[in-house]
Amino acid sequence: MSLVFAAVLSFGLLGLLLGLGLALAGRRFAVETDPREERALAALPGVNCGACGYPGCGGYAHAVACKGEETNRCPVGGAAVAASLAALMGREAAPFEKRIARLFCAGGKDKCPERFTYKGIISCNAANLVGGGHKLCSWGCLGMGSCADACPFDAIAMNEQGLPVVDEAKCTACGRCVLACPRGLFQLVPQSKRVIVACSSKDKGPETRKICKVGCIACRLCERNCPVKAIAVADNLARHDFKACEQHKVCVQKCPQKTIVVFPPSS
Amino acid sequence: MRLFAIFFGAMIVNNILLMRFLGLCSFFGISNKLENAVSMTWAVTFVMAMASLVTWGLYHFLLLPLGLVFLRTAFFILVIAALVQLVEMYMKKNAPGLYRALGIYLPLITTNCAILAVAFLNIDYGYSLLESLVYTVGVSGGYGVAIVLFASLRERVDKAPVPEAFKGYPIAFILAGLLSLAFMGFAGMFGIQL
Amino acid sequence: MKTTLDAGLRLFVVCAVAAGTLALVYRGTQARISANQAEEKARRLRWVLPDCPQVEPRTTEGREWFLGRSEGRDCGYAIETKAKGYGGTLSLLVGVSPEGRVLGYSILSHKETPGLGDKAAKPAFQAQFKGLGLEKLRLKKDSPEGALDALTAATITSRAVTLGVREAVESVIALRAKDGTRP
Amino acid sequence: MKSSDWKDFTNGIVRENPIFRLLIGLCPALAVSTSAVDALGMGLATTFVLAASNGVISLLRTLIPPDLRIPIFIVVVSTFVTAADYLMLAFFPAIHRSLGVFVPLIVVNCIVLGRAEAFAYRNEVRASLLDGLGMGLGFSLALGLLGALREVFGAGTLFGLAVMPASYPPLLLLVLPPGAFLLIGLLIAGLNRFTRRAP
């Protein structure tokens, strides 16, 4: 009988000891999380993409709940999350403008030839390292799809010209593609601004003309003809001021190279 | 010299992951990102060292004298589980970033076969306290070496043109197979056999 | 404070019940297990000392060994030895002839990897040991006059068995010499 | 057999097969599957422990406070494992001799604890028992398949009986640790190929 007794006693005591220890530790190490933070975290999409500038949703939830951070910083969640966070925190939500990732290059295989065929790792970063990229234009899109891989929402697909096409419905402007592109060709542009200069080449005009059929040759026609002066050429490259631009599309007709394009009206 | 042989044998020749197949559950799960692998190694090393110390003491000073050797599995695993839960609470309080990165994997460390196996091997091999500590550090070192190597390889393989069916875990397994083959090459170094 | 105590007590109850059941299972099966083991040992002794009808256990200098007798003459000795195998300790029962030759061995318990190390218990590997004296009891890969082929991919196990058998041969002869009870 | 029961039971065998789909419980799977007999023995022992502990845990689930659940699960599982170990020693000494080191390791087999936490703690006894059996069977089938493949190609025998022609040089790699990794990799790839769904 003593064996059973010894077993029961020793193991039971160990259990008691550990049970008390765990419960006490539970209290001593209790992390007083603000209940609002947990509810805020629940309202967030939980993709931890960091587009709000915080280390993941946990960080943003903490900032909103405890540091009075604006409730519309989560681009992925968009207006819905902004509204629910505001309701949670008892503040009215600030107006929220949906943004879309736009590619500032149109140099597909048909428009900008390749200097050599690249047979290495399928990633733009890798292709970019090999002799400055296999495309004739050292500024343009390499077409290896790193942006598509990086997109957590599958909003980017590569077309047969090797250019990424952004699906406006799926795009949540989380900014992953902006980081993924080694040549920084992606920018987050408000959805209502549909006129984009589809080029990022800072080469001189005659140089660009030889390299790419749709490159910006810095002829400044757009700059002179824009009724509201919303476009200017700097470093041989035209760029819109999206706040001033009122979508007259004059620059689109004037551009001899057809570099300035209008993204199709959002379906 | 004997301590070195135990250490090196545990770390490289009989690597706990690649040769003894212990601790695999977290090995495949967490090795997709390098920094996860590194922080996991620290957590495993810490828990394994503590567990070995406690279980060695428990065995020699409690179980053996009382003749309760048949309870050793229950005793060991309960102590390890409590230990991991304590580490989890401590991390939640003092290192929230690390906790968020490793959240799901902490309970899995409890079920990490390697830790219990090390506790058992320390007893079966009849190691003294010092020897079992050296063995444990060797094993956790081996775990670290294997998982960090594997994580960096896997990050590289994710970019390679892998056929559709092999993407994800299948290619990871084949990678592990090759790594294990490489580790077999260490057999016999310093006279430590496979 | 109450919830802490409550948690402690709950774990106490669960552990106590668990330990209780295990102790009962252990005591319940203990008798049967030792019966199994005793019967198993007798079977192994007969296997290791083939032509010795009576086998008497002996203890000299604290070590237990077995003396095999047939028609009033020694026909062999047997002893248990331990060796450090791949998966853990490996215990052997080794039969030795009066002239110090191996009559046979049997593995009592092992934790070798199934399919690899456990081949050491298979007749093929054991047959090599029959009739070998101390000088030949080595793995071929360990020394030139060794006569034993190691098991593929289980060198540690092969070497452990060899060392176990060697220790048996060396110690049982010495024990027999010191054993004063019978001529 | 209500339809939901059937779903619980088959869930573990195909859709959420522990080894090929959830990739848990790999430790014994790779180590013991060098021969079909050992693999199946291990699988059945695990099934017994899994079903029993699932049942008991879901029986007590109302009494188990959330932050104490892991230690209590562990105690329950280790009790069953040690009991299984001793019962096997008493009644099936032959199988026990080959599975020796792996029976205690069932307690840390991620499936047992995984199912306890994911399923048994949240569902009533009947479903948990079925889930435990299903999972255990899925584990045993996958383990058996692995064991058979490795034994046939690695040692030329199946259940110990010579299957391949004598001239067949056994592919020793399969019996060794690296072979197990490669084999599982290929099997999962094959599975993906047919079911057109990445795990």
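Letters A, B, C and D name the chains as they come in the text, with residue numbers starting at 1 for each one.
Note that a contact is a pair of C-beta atoms (placed from the backbone, for glycine too) under 8 Å apart; a residue touches a chain by one contact, two chains touch by 3 or more.
A quick note: this is a predicted structure, and the numbers were derived from the prediction, not measured.
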Contact-richer chain pair (by C-beta pairs counted) among A-D and A-B: A-B
Euclidean distance of C-alpha centroids - chain A vs chain D, Å: 43
Length of the line joining the C-alpha centres of chain A and chain B, rounded to whole Å: 38
Chain A and chain C: spacing of chain centres that average the CA atoms, whole Å: 67
Inter-centroid spacing, chain D versus chain B (mean Cα positions, whole Å): 21
Contacts with 2+ other chains: residues of chain B: 70-71, 74, 78, 82, 85, 120
Where chain D touches two or more other chains at once, by residue number: 31, 67-68, 71, 75, 78-79, 82, 86, 101, 176
Residue numbers of chain C (touch at least two other chains): 7, 10-11, 14-15, 18-19, 22-23, 26, 88, 111, 153
Arrangement of touching chains [line / ring / star / complete / other]: complete
Of chain B, residues touching chain D in the complex: 18-25, 28-29, 70-71, 73-74, 77-78, 81-82, 84-85, 107-108, 110-113, 115-117, 120, 163-174, 176-178, 180-181, 184
Chain B-facing residues of chain A, complex: 3, 6-7, 10-11, 14-15, 18, 21-22, 25-26, 29-31, 55-56, 58, 121-123, 126
Residues of chain A that touch chain D when the two form their complex: 15, 18-19, 22-23, 26
Chain C residues within the chain D interface of the complex: 6-7, 10-11, 14-15, 18, 21-22, 25-26, 29, 32-33, 36, 40, 87-88, 109-111, 113-116, 118, 152-153
Chain C - residues contacting chain A, complex: 3-5, 7-16, 18-20, 22-24, 26-27
